[in-house]
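See below for the structure under consideration.
Should a chain be cited, it is by its letter among A, B, C and D, assigned in written order, with residues numbered from 1 in that chain.
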Amino acid sequence: MAVTLAQALNRALHDAMEADDRVVVYGEDVGRLGGVFRITDRLQSRFGERRCFDTPLAESGIVGTAIGMAIYGFKPVVEMQFDGFTYPAFEQLVSHLAKMPNRSRGTVRLPVVVRIPFGGGIGAVEHHSESPEAFFSHAAGLKVVSPGTPSDGYSLLREAIDDPDPVIFFEPKRRYWLKEDVELPCKTPGFGNAVVRRQGTTATLIAYGPMVRTCLEAASAAEEEGWDLEVLDLRTLVPFDSAGVVASLQRTGHAIVVHEAQVFAGIGAEVAAQLQERAFYHLEAPVLRVGGFDVPYPAAKLEEFFLPDVDRILDAVERALSY
Amino acid sequence: MAVTLAQALNRALHDAMEADDRVVVYGEDVGRLGGVFRITDRLQSRFGERRCFDTPLAESGIVGTAIGMAIYGFKPVVEMQFDGFTYPAFEQLVSHLAKMPNRSRGTVRLPVVVRIPFGGGIGAVEHHSESPEAFFSHAAGLKVVSPGTPSDGYSLLREAIDDPDPVIFFEPKRRYWLKEDVELPCKTPGFGNAVVRRQGTTATLIAYGPMVRTCLEAASAAEEEGWDLEVLDLRTLVPFDSAGVVASLQRTGHAIVVHEAQVFAGIGAEVAAQLQERAFYHLEAPVLRVGGFDVPYPAAKLEEFFLPDVDRILDAVERALSY
Amino acid sequence: MGSRVDANALLPPDKPVRLLDDSGTLHEVEGFPLDLKDEELRELYRFMVLSRRVDKQAINLQRQGQLGVYASLLGQEAAQVGSAFALEPRDWVFPSYRELGAALVRGVDPASILHLFRGTWLSDHDPHETHFGLLSIPIGTQALHATGFAMGAKFDDVDLVVMSYFGDGASSEGDPHEALNFAAVFEAPCVFVVQNNQYAISVPLISQTRAPTIAHKAVGYGMPGYRCDGNDVLGTYAVVRQAVERARRGEGPSLVEAVTYRMEAHTTADDPTRYRTDEELAMWKARDPIARFETFLESEGLLTADLRQEIDDEAQAHAKRLREEIYDAPHGDPLELFDHPYVEPPPSYAEQREFLRAELASNQEG
Amino acid sequence: MGSRVDANALLPPDKPVRLLDDSGTLHEVEGFPLDLKDEELRELYRFMVLSRRVDKQAINLQRQGQLGVYASLLGQEAAQVGSAFALEPRDWVFPSYRELGAALVRGVDPASILHLFRGTWLSDHDPHETHFGLLSIPIGTQALHATGFAMGAKFDDVDLVVMSYFGDGASSEGDPHEALNFAAVFEAPCVFVVQNNQYAISVPLISQTRAPTIAHKAVGYGMPGYRCDGNDVLGTYAVVRQAVERARRGEGPSLVEAVTYRMEAHTTADDPTRYRTDEELAMWKARDPIARFETFLESEGLLTADLRQEIDDEAQAHAKRLREEIYDAPHGDPLELFDHPYVEPPPSYAEQREFLRAELASNQEG
């Protein structure tokens, strides 16, 4: 049955709340309104105001209270309304959510999930198209997840909620309406497993979240060129599947990492660094990075010139192959 | 004359305030107390309470008001008391300080300097030994600077204050008492110029801030092994001196990047990614990264086991050479 | 160890100050004299009508797919025009994203604001020309910019007042709290105008704060808290004017709560039927700020048929110009992406700009 | 549009509540009855004496290079012991970094706290055992953990009160503002105790806020603000007890300002002579919380020479045990770095742990 990513996420929240009454969902406008993207739609009417509720407008307050509720014994799943609005909560996320379990020598665990609709491509105004995943991947203690398909949306969110560690869950908002034929509930490979979305021999495209789909489109387009591209979906940045990335590179000898975030000091750098560390002699060309320019995310009408697309990916493939 | 980094920074602030009455210095305890590290010592008595003053305890307030004062026409130089306490200001730093000039299409400029004593090695309690430079290097619109010597402390801070763009200025607190024979005022190479601190032929150690000194010690120790190591000081992460890094690698064929921050998604990844992109055929071995483990910064008595040191650097050199 | 200030002097009155009641009848309110000349009263009316017309045009342009999104001020014309009108040209305003009305009073070209909502540019006006800051989307953050700007003016002994707008929801964020506190501690010439339009998207005031009123928060910073009927342009003007003059006299900042209502959806992307009732809407419609003021002006003989015609024509002209400027407006030059982030950009900019230039060139051929 | 709550009911009295004056004489204060049994009064004394002795020991250990740094509670014994004593064992406390006294009342082993300041571990006690949260160094952040914990208890209808401590300086940060607001909106059973010790490191209260008093901030959240003489253990207890019972009755959170003074440096790394005078110090020394309470207990015949001896012996024993436990305490197992960050660590942990293990092994040989 055809399910959108948005539906899969909503269903995952619903099923998790059904399965465990310690799961609570809260944030700005997630209750009565059901979230600005409707990901929490009907959860309040179904589970009541103590299980799904709206908060005052304060992201640090949302994350900080989630930490307290988790110490008490709940499993809070909180929403940051948009990527650009996670920053007010940065201290609670990095100084406490990430560090408190370690600080406590394991006596305190924080099974908190922070959901963040992220990335661009929807023609939004400023601060609504950010890709801050590298920040959180560099904050030890957090897990960082980003599904690229509806089935992963369901399964990874369920896993995130069940996970005893704090998880930052990046939802590719431009893919909320992406459809997949899948029966829910479903189970996909767990955290730390990259998945080959398309097998290929010429080169590997490495992506996560919104760019997985773009890479698949690039791979199809590449057939004309006679290129057989492999597409590897990282799915989780922390834990990072080094072995999976290396294995794919060994098959193809060429790798291109693709993300929306600016290239400088982005996740692509980590992937490239690891590949040359772990598969030096298999690299037939440098690992190339295709991502946003090193400028602030632009106005809606200019985002197409900023974001990676099929042409830029194929251009990078060509550069890699002709190296 | 022997000058410590702390003295050089204090002198730079003094001279900048002397040279331009638009320069104001403020933050927590920087006025009457002269800062917890005395970097702002005697500025208030010399220039008065309107040029150097204490604020309420609120980092977002400090950075947010600095933006407003800069729009008005001042050049605020504000202090975040410690690295771990920049996080409450993250939204103002990333959403406004970094983005507003671009948002304004150049009609608003923010000549703000945010000084951050950073890094570990001083046996401090938690949150006082963080290395958050990768976060800010990934936020387009900011410049990110970190001096490793007293003369650079003076010259780069003067340049940062004169710079029309916002600058995050990372002061290696464990090196505040590091001495150098230098006459102040002094001028060292500008932003975007990496500097070879020690010429060598065997391999290049790449560092910035606190690890420059550690790399120099490693290079001396390496002589016993018969290794002639080059030490390259990046000095500024944004702008990043790609050409300088490539040039050094071309001389030595081997590169090891060293920083205190956790390795995963750190600046070392960017350096490694660029080197394999820009000097693929000159790499005789992978670019190796020596840095903090991917764990929260540990308790003081354990930091020696977390931080890069001479042995770990030489161990990496050996791995690179024996590749 | 006793308290340093008389708290009661800082608390707002029980009922918001209003000079015009719902029916448009003028009432004397002690301490808030109406000191406006006839042409000023007409100006207030003019700005409110223009605001509403431009707002309507913006909503239509959004419906026609010409704007990505738009945040309407419908119902808040008096709160915005009345407050902004209390400022002098040399003063400054730091708005959120809903202050089109205040922008008009300051002389900002509304087209520049619609270009933001269209996505032509992230912003398109020079704050230094009109002393109207860039629209600020991260909630409440602009309050700190206002405070900092005012601190600067104060340090220079420059006679200038800074006004910052934020919403009822914003009052929950940390930044406005820090802004109010800094302003008080540094005795900065600031006026913080909270447009309490009863909602933060779908979240009603009662879920936002349990304070007696938002104005009561002022006492926690040692500044006076004022309240006015934000649908009464005269009451709003009179109260804000006092706060502005207080700041100008060097007596420090204050907080003004303008009690009003957002008649439209939060933005054109929102569906308010999910969280509010027609009854509520009807109740506030009866308090329409423009209708009320019209009744008053007519009773005073200040609003002739000719004047009304004149203003309507001007409003139509505005709307027409906006349609022409915004409709199918071309996107900006993509290469401008690299022009503004830095005065002295890193070397990578040359590479990346060249990459984009070449790409654009080849797309033109292909 | 009128205000929903009676603001005046929320405002603190002009002078802080005190039951014992500086000379130790007891005064009846209407509404704050002294309902403590003799053994409880002795317990209060005992905890204050122990706190001071342990604090002194900690300072000495730091001077001897055994602690990296230490934040003394000297002068704040009454504020901490009096407030913590108002709780039941099932209640919870979320402290900052200065609440050694509150920790003792809750039964936390002071050695675990000194291990934090020594740097043996980042923290060394299990909050679930004593219901005393981890010390929190980022200013004010713990207030949100307290609120969240209390929200959890409230949602479960569990009878439990949560107390959070923070300082006068912390009142300027965004987090306590958000914590107070969330607590009020969700009617969470919280008591926020602000130890106003007059300074944030070198910054005096007047540079921190212009509020009449910190307790006046409560009205901005719609909760009652209380003030007590934080150097009077009985006044502090009586006031906090009221706030605690209010929360327990389900009537929601409140804010208590305990007016006190930090007699020691901010931390052992600080030089207070740079920012405060001997006169000021002397004035507060005359208000010493322990001396005052001693006078009272003696006048009541509750403090015999034997009891005093007994308590002093216990204090010495505590101090001795701390010296033995902390002096030259070995560092923890470096491999533990990898044990706690995650329950299910990423694969990189195995590699990095093995790297460190091998390094440690080779260092042992070499």
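Note that in this section contacts are C-beta pairs under 8 Å (C-beta built on N, C-alpha and C of every residue); 3 or more make two chains touch, one makes a residue touch a chain.
From a predicted model like this one, the values you see are computed outputs, not experimental measurements.
Colleague: Which chain's mean C-alpha position is the greatest distance from chain B's?
Modeller: The chain lying farthest from chain B is C.
Colleague: Is the C-beta contact count larger for B-C or for A-C?
Modeller: Most contacts of the two pairs: B-C.
Colleague: Which whole number of Å gives the spacing of the CA centres of chain B and chain C?
Modeller: Here chain B and chain C have centroids separated by 40 Å.
Colleague: Centroid from C-alpha atoms only, then distance chain C to chain D, rounded to Å. What do you get?
Modeller: 43
Colleague: Could you work out how far the Cα centre of chain A sits from that of chain B, in whole Å?
Modeller: Between these chains, centre-to-centre, one finds 30 Å.
Colleague: Mind checking the centre-to-centre distance between chain A and chain C? Centres are C-alpha means, answer in whole Å.
Modeller: 36
Colleague: Multi-chain contacts in chain A: which residues touch at least two other chains?
Modeller: In chain A, 55-56, 58, 60-61, 84, 87-88, 91, 95, 102-103, 126-127, 140-141, 238, 240, 264, 293-296 touch at least two other chains.
Colleague: Among the residues of chain C, pick out those that touch two or more other chains and give their numbers.
Modeller: 121-122, 138, 172-175, 178, 181, 185, 207-209, 341, 346, 348 - these are the residues of chain C that touch more than one other chain.
Colleague: Quick check: in the complex, which residue numbers of chain D touch chain C?
Modeller: So the residues of chain D touching chain C come out as 1-8, 10-12, 14-16, 172-175, 177-178, 181, 184-185, 207-213, 216-223, 229, 259.
Colleague: Using the touch rule from the top, collect the residues of chain A that touch chain B in their complex.
Modeller: Residues of chain A touching chain B: 60, 84, 87-88, 90-91, 94-95, 98-99, 102-103, 126-127, 134-135, 137-138, 140-141, 238, 240, 261-262, 264-270, 272-273, 276-277, 280, 283, 285-289, 293-296, 323.
Colleague: Within their complex, state which residues of chain C touch chain B.
Modeller: 94, 121-128, 133-134, 136, 138, 141, 143-153, 155, 174-175, 178-179, 181-182, 185, 336, 339-348
Colleague: Enumerate the contact residues on chain A facing chain D in the complex.
Modeller: 24, 50, 55-56, 58, 60-61, 63-74, 76, 88, 91-92, 95-96, 100-109, 140-141, 143, 163-165, 191-192, 238-243
Colleague: Report the residues of chain A in contact with chain C in the complex, numbered from low to high.
Modeller: So the residues of chain A in touch with chain C come to 28-29, 32-34, 36, 54-58, 60-61, 84-85, 87-88, 123-127, 264, 293-296, 298-303, 305-306, 311-312.
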